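Below you'll find the structures, each written out as structure tokens.
Shared between the two complexes below is chain A, which has chain B as its partner in the first and chain C in the second.
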Partner chain A sequence: MATRDRFEELFREVLAGRLTRRTALGTGAGLSAAAALGPRGAAAAPRGAARSFAARRQDGTPKPGGVLKVGMQADPTALDPHKQSLTAIWHVVEHIYSRLTKILPDLSVGPELAESWEISEDGLVYTFKLRQGVTFHNGRPLVAEDVKYSFERYGSEESVVRSDLASVESVEAPDDSTVVIRLKNRDASILSILASQSAIIIPKEVVEENGDLSQVAVGSGPFIFREYVPNTHVILEKNPNYFEEGLPYLDGLELIIAADDTARTTALVTGTVDMIEYAPLRDIELLQSDPSIVLAGNSNTNIRMVSFNMKREPFNDVRVRQAIAKVIDREAVLGPTVFGHGTTTVVPFPPDYWAALPAEVPAPDIEGARALLAEAGFPDGFKTTITSWAQYSFLSNAAVVIQEQLKQIGIEAELNLVENATMIADVHTNFNYDIAVTGTSAYVDPHEIMINFKTGESGNFVGYSNPQVDELIDQGQAETDQEKRAEIYRQIQQILLDEVPWVCLFVANQYEAMKSYVKGYTHIATGSNYTLRETWLDQ
Partner chain B sequence: MATFVLRRLALLIPVLLGVSIVVFGLIRAVPGDPVSIMIGVDQRYTPEQIEAIRRSYGLDQPLPVQYVKWMSHVVQGDLGRSLRTRRTITEELGLRLPVTIELAVLAGLIGTIPAVTAGVIAAVKRNSWLDYGATIATLIGVSVPNFLLATLLVLIFSYWLRWLPPIGFAKLTEDPVQNLRTMILPAVSLSMPLAAILMRNTRSAVLEVLSQDHVRVARAKGLPASTVLTRHVLKNASIPIITVGGIQIATLLGGTVIIETIFGLPGIGRYIYEAIANRDYPVVQGVVLVISTMFVLISVAVDILYAVMDPRLRHR
Partner chain C sequence: MTSAEGTESGLSAEGGTATAGALTLGAAVRQPRRPTIWTTIRRQRLALTGALIVTFFAVVAVVGPMFAPHGPTEQFPQHRLESPSRAYPFGTDEFGRDILSRLLYGARISFEVGAIAVGIAGSLGILLGMIAGYRRGWLDNVLSLLMDIVYAFPAILLAIAIITMLGNSLANVMIAIAIVYTPTFMRVVRGATLSVRNMAFVEAAVSLGASTPRILVRHIFPNITAPLIVHASLNFAFAVLAEASLAFLGLGNKPPAPSWGSMVSSSYGFLQLAPWAAIFPGVAIALTVLGFNLLGDGLRDALDPRLRS
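Presenting the complex of A and B:
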């Protein structure tokens, strides 16, 4: 596949009117990218990245009607978010189902099905008041009992996303419009978890009738599910009884699966679709130069990093990890990976995220790195391996650049690009690697990233352990005051900068591109497209 | 003739049994586990929780037990269910197989008829500009990988000329016009290598026959050139052409993996690729079994064609 990417690149350059090829370390593959590295409900937003396109809300008076065709980056494969954690599933079901809460464009948590909520003094009991008069698409009223059922299924043994609810003790429905969620421990991230893709409210009878929700979807959201043809399209129709007054404006959505980047861009340019998600980063200039197309987007929270297997020598030596951190030139990584559409960072958060430690991105320090390596007993470097995802060129290309950079201090790394299943097994599960170039998915709450550094957690695939950090992670989760939380997380980030379990590289930008007659769409940094319910066609 | 066909068909059973064991073992031998892929890299879990999910899919049972269970369903015509989509594989194949078959048939037509014609003309008009032109075209056809050709075709016919849509598949039964509009570019990209190889083989096969004595005799006794060509040359040249054509049409199925992804077609090639990437065991097993059956059937069909073309082969 490597060759295919290179050729594609070449043609894009020709298209964009540049005949010379810029630097490109062409590896990586393009077959059917299954979206991010996995799932996740949400993200927090860094703003102010150089190339951010403002979300557009004030677009005039909305006109109802019309069907919007959207080019989607990946096939959902099925529609049950409790059975697989896949971004592509979320990008379909978010239009069909409702959740208690939702993530607003400014990344705070707002109400959706819940009209309001109260939090007890000790922070352990959340009482939600539900909206009245909400019905499922099959006509049955949605009541508190449905919320209880949905969360029981979400947290059941067979749910692949049950860990989201690790801090939930019980969910009760004292009456039709009240839901009480009790926690085992204080958890500041719970409200954003309730807005995640898996926290949808589902009708029990539909699950029982069909066995599961893989091929059916009956929710209470703005659009009604009509048809899913695998690898082809999902057809949704306006829900005339939707509870948000006047919404949606569109008569329907046609989500057309266009996994290939060239095909997705071409489909938008030629008007086969009205909008595309995940506008290919290498096509941004091309799309910008087209007067009939507008872009919405900015950076997301998916962090890309180099991580070390600290259970193996020599990476159990902090000086080796520090030396590698010193030699890495993050700016040089941005071009070949995300075509410059990203922001470098040394901490696991985007620089303008509320919990981020303000830290300069340092220039590489080869001499300092050599000295540290010599101190650790490797004055001439050593041989090792770098493992990364063959399917995601933004990671495999980063691995190639880093392989080159490590040569400056004598570290000869063999590149080991593997497909997804092997990557999950070797790196993310079994500690069977030396250095990995990998990433996380988007998130809203900082706890979701920090938990990866806690001793013994399954996300802690580097094998890092520091009792002080463990303690701080628990404190951060329990604290509800944002300023105090940020303080705790900054302390953790300072420790991580010294001990270097990860060398954080960059966060990428993410854009949706649409024809200029598509109005009212707001980009959400979580990657969610739920604002399609507020979108309308000006034609 | 009937016993010949039956004997060939009987061979299917041991071949497919072998294929079933190999694919069952191979997909489990590669690293990676379907359940951890369904969970993804961001979820937290304990080994017990993973085990519970594995149990719910029957993946905790010993391999021989799983194999026997699977086979006992297969012989009853039940290929099982996908781990990820929970659809039955028969249902998925019903949806996807027609797409790939249509693609292969179209590519086959585009790849064979003009190629054989061009091959014959190139041989008859040997060393003419027609022959050189055809040879150069063949060289390009063999050398250009189909994914590059596919991207080029999208650029030319979708991006610049805007004649054909880059995506937007519709079923043949529902919207035949849209279906053909989305099928034509993939079929052309897929057929290119086939056409090139076939044209080359036709040219050399026809050339070889043309130089033989019986052709000279036919000419000497005053038969018109067209009769010599159709009755004496083509019939004899057809055996090697059919052989190569048969093998190439079977390998078309392999090319569909990339082509179906580029053009967003819901066919079987893309389906198996995704199933392998996600370690969707039942799908990989079921689809490989079906593709192998098709492959074997095509070669049986080729064998039968031999027998039709050449009576001497019927009694072997």
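Presenting the complex of A and C:
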């Protein structure tokens, strides 16, 4: 309990922005685990960037050996994180490859392949010193030229995630252990982008030999890729030459794909697997009541929201959007979606996040909503449609609740629950919807969310445009002082609250559940499971 | 069936000479007075049970919504996943919706799908089956082959494929189920037609110069209704089950419409937390299907002369 309290304390400080102002960059929690909304964020919508405080690191002396079986939420479908952006890919390749940096449990950026780094006065040149003696799983030493090649592929035309590196001007490798990254403009989030799933360091010869990395994976990480059977499992084996001394403890990892929630819970309870990711929220009480099972994780930063197609009538009228915002009862959404394991919010950040605008969650105001609708010319409401994800009940159930709530002001909405591909095409790309109930993917840096409101950005699927907001977003990205950044972001949030491109609903909790003999695992805020390299079996 | 029992209830045996003719061709040919369908059913407890269950659910489908305590989509967020109580006799689901009310409205969907799908499948099957059975020859071969091809696919898989092509809506679910069950109707009708077409009365009608449509409608059809009724009853059960299965898979009615199958599908995940949310619609599906099966079996016993002892 003492440990838990300590972490809670730590966590609050991180959220408040007190602990993270220690980097040379001086940007505070300028961390970003993944790009924000937009087609790619949307594909990763269910991923949770949980802010952990149920960390369990003090588990005694690690015992090496054993194979850990983990029940995974989704099939990776392929293994190349430049070709596809799915959380499920990340949750496989993060064990195989290394990156320059990693997100630490306290949400700061720590070193992985980079031993240290320096940032120029103007904030535009980053110089990284690489670890010596790191080899790929094929035996070849990893050198700076590999980093240059990897980032060039990451930012190339064939990469679906190239927008991550939009602020990167060039990557250079002056010698084998030095990498220099030059930026076009100051970017407070670059170090955390270098810790993201797509920033893995890959060997060029493997790409050339196989065409791409969709079926092969040769990295320098703690585990060696052995086998991937689609929709079945991924088998990984300990890398005996891993550069972090003594790690990993496990002899191997078996990532077993158990997409069905019930199947995942059952697999853990019956002992078919030792651990599951995304413990189903409806089963939390059940899992807690089982003495052989331990949970790790807590509140998450993914925002679930109602968004409007502002290119269509009547949602181009701010009064209609405000009326809908007034009618929505967020508390009623929490139950059917996350079984109460979440926090309601009106701004696109968790209420206790450092950049969040402190704002009360208001009670629904039906009369006020009716008045606004009447003013907009719809005294009796209107007919419309709500589009949401068929696959994710935490979004489709929110849509069902909101459909019912809108009836109170005469808005009759037909519900379209569609497959992922349709959702990405119609809602997140082509403006082919009226109202959408959707969500964002993991983020740590506020810029990743705010960019969705900038005119013409791919993540701006609502078609929102406000020159003042555009200006503020640019200022926020360039600003390095966290207090000043927070002030800028609060201004933006105030404008968004008035203009309502999104009606933010809630942030969910995210948990991993494991048998009590699984020790040393730490829940990471970004949703990453990389601490499996520090996990061991006490049996 | 003893002759004493037969005499007790000889009310309608003479009605419709053609029907009587067809039925008496079997073993009961020397019994001028036969039991009616109704008396036969009454005599068989299981068939009677089936009839009662079917009647009950049919009545519920028609008038049930009038007695529903709440709207089928009305949500009471304060009363989520509550166990059965006076206010919510069957408990509430994850949205705080009354399960009883949803079941009552859902019965209508099940029966609508059953009636319309069986209606379409029956009509198609009768048309194709009678033509094939009466005309024989190449037409029979082609039609039978086509139906065999359709029949070769697993029912639910074929239905999913059809819905994928037509689009996901309740109407298309009915069409898909109808297409899937047409071949069995066609086979039943064709077989019955084959056995009737060589009867003396058909020969008589032909020699009197009756047209083919007239012979099919006036002479053959009335004589093949018995197996058809049995088959329709059994298929109604299949159709209800197929609708529930497809709704379970997310096909058919859009949420929040109360389809029994989708009610089971959305709540089986928290069976440990709130078993009533999945159990009551599950029981409703099971009972309806059971009712139609019992009724179908009973009807077969009543109508098929070969099964009379």
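Heads up, the rule we're going with is that the second predicted complex is superposed on the first by the 486 of 539 C-alpha atoms of A that agree within 3 Å, B and C clash if a C-alpha of one lies under 4 Å from a C-alpha of the other, contacts with A are read in each partner's own complex, and residues count from 1 in each chain.
Quick note on the criterion: contacts are C-beta pairs under 8 Å (C-beta built on N, C-alpha and C of every residue); 3 or more make two chains touch, one makes a residue touch a chain.
Small disclaimer: the values here were computed from a predicted structure and weren't measured.
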{"item": "Which superposed partner A:Glu499 touches (first chain B, second chain C, both, neither)", "value": "neither"}
{"item": "Which of chain B and chain C A:Glu404 touches, first, second, both or neither", "value": "second"}
{"item": "Chain B versus chain C as contact partner of A:Thr440, first or second or both or neither", "value": "first"}
{"item": "Which of chain B and chain C A:Thr262 touches, first, second, both or neither", "value": "both"}
{"item": "Which superposed partner A:Glu414 touches (first chain B, second chain C, both, neither)", "value": "second"}
{"item": "Touched chain A residues, chain B compared with chain C", "value": "B"}
{"item": "First, second, both or neither for A:Ala332, with chain B first and chain C second", "value": "second"}
{"item": "Overlapping contact positions on chain A, where the chain C interface meets the chain B interface", "value": "262"}
{"item": "Residue numbers on chain C that touch chain A, as the complex places them", "value": "73-75, 77, 80, 94-96, 250, 254-256, 266, 268-270, 272-273"}
{"item": "Of chain A, residues touching chain B in the complex", "value": "3-4, 7-8, 11, 15, 31-32, 34, 37-40, 71, 75, 77-78, 80, 83-86, 157-158, 160-164, 166, 211-212, 214-215, 229-232, 256-260, 262-264, 266-267, 269-270, 272-273, 391, 419-422, 424-426, 428-429, 438, 440-441, 448, 451, 457-459"}
{"item": "Complex contact set, residues of chain B against chain A", "value": "30-33, 35-46, 49, 52-53, 56, 84-87, 92, 95-96, 145, 147-148, 151-152, 154-155, 158-159, 162, 165-169, 257-258, 260-267, 270-271, 273-274, 277-279"}
{"item": "Chain C-touching residues of chain A, taken from the complex the two chains share", "value": "261-262, 280, 282-283, 285-286, 329, 331-332, 335-336, 339, 390, 393, 396-397, 400-401, 403-404, 414-417"}
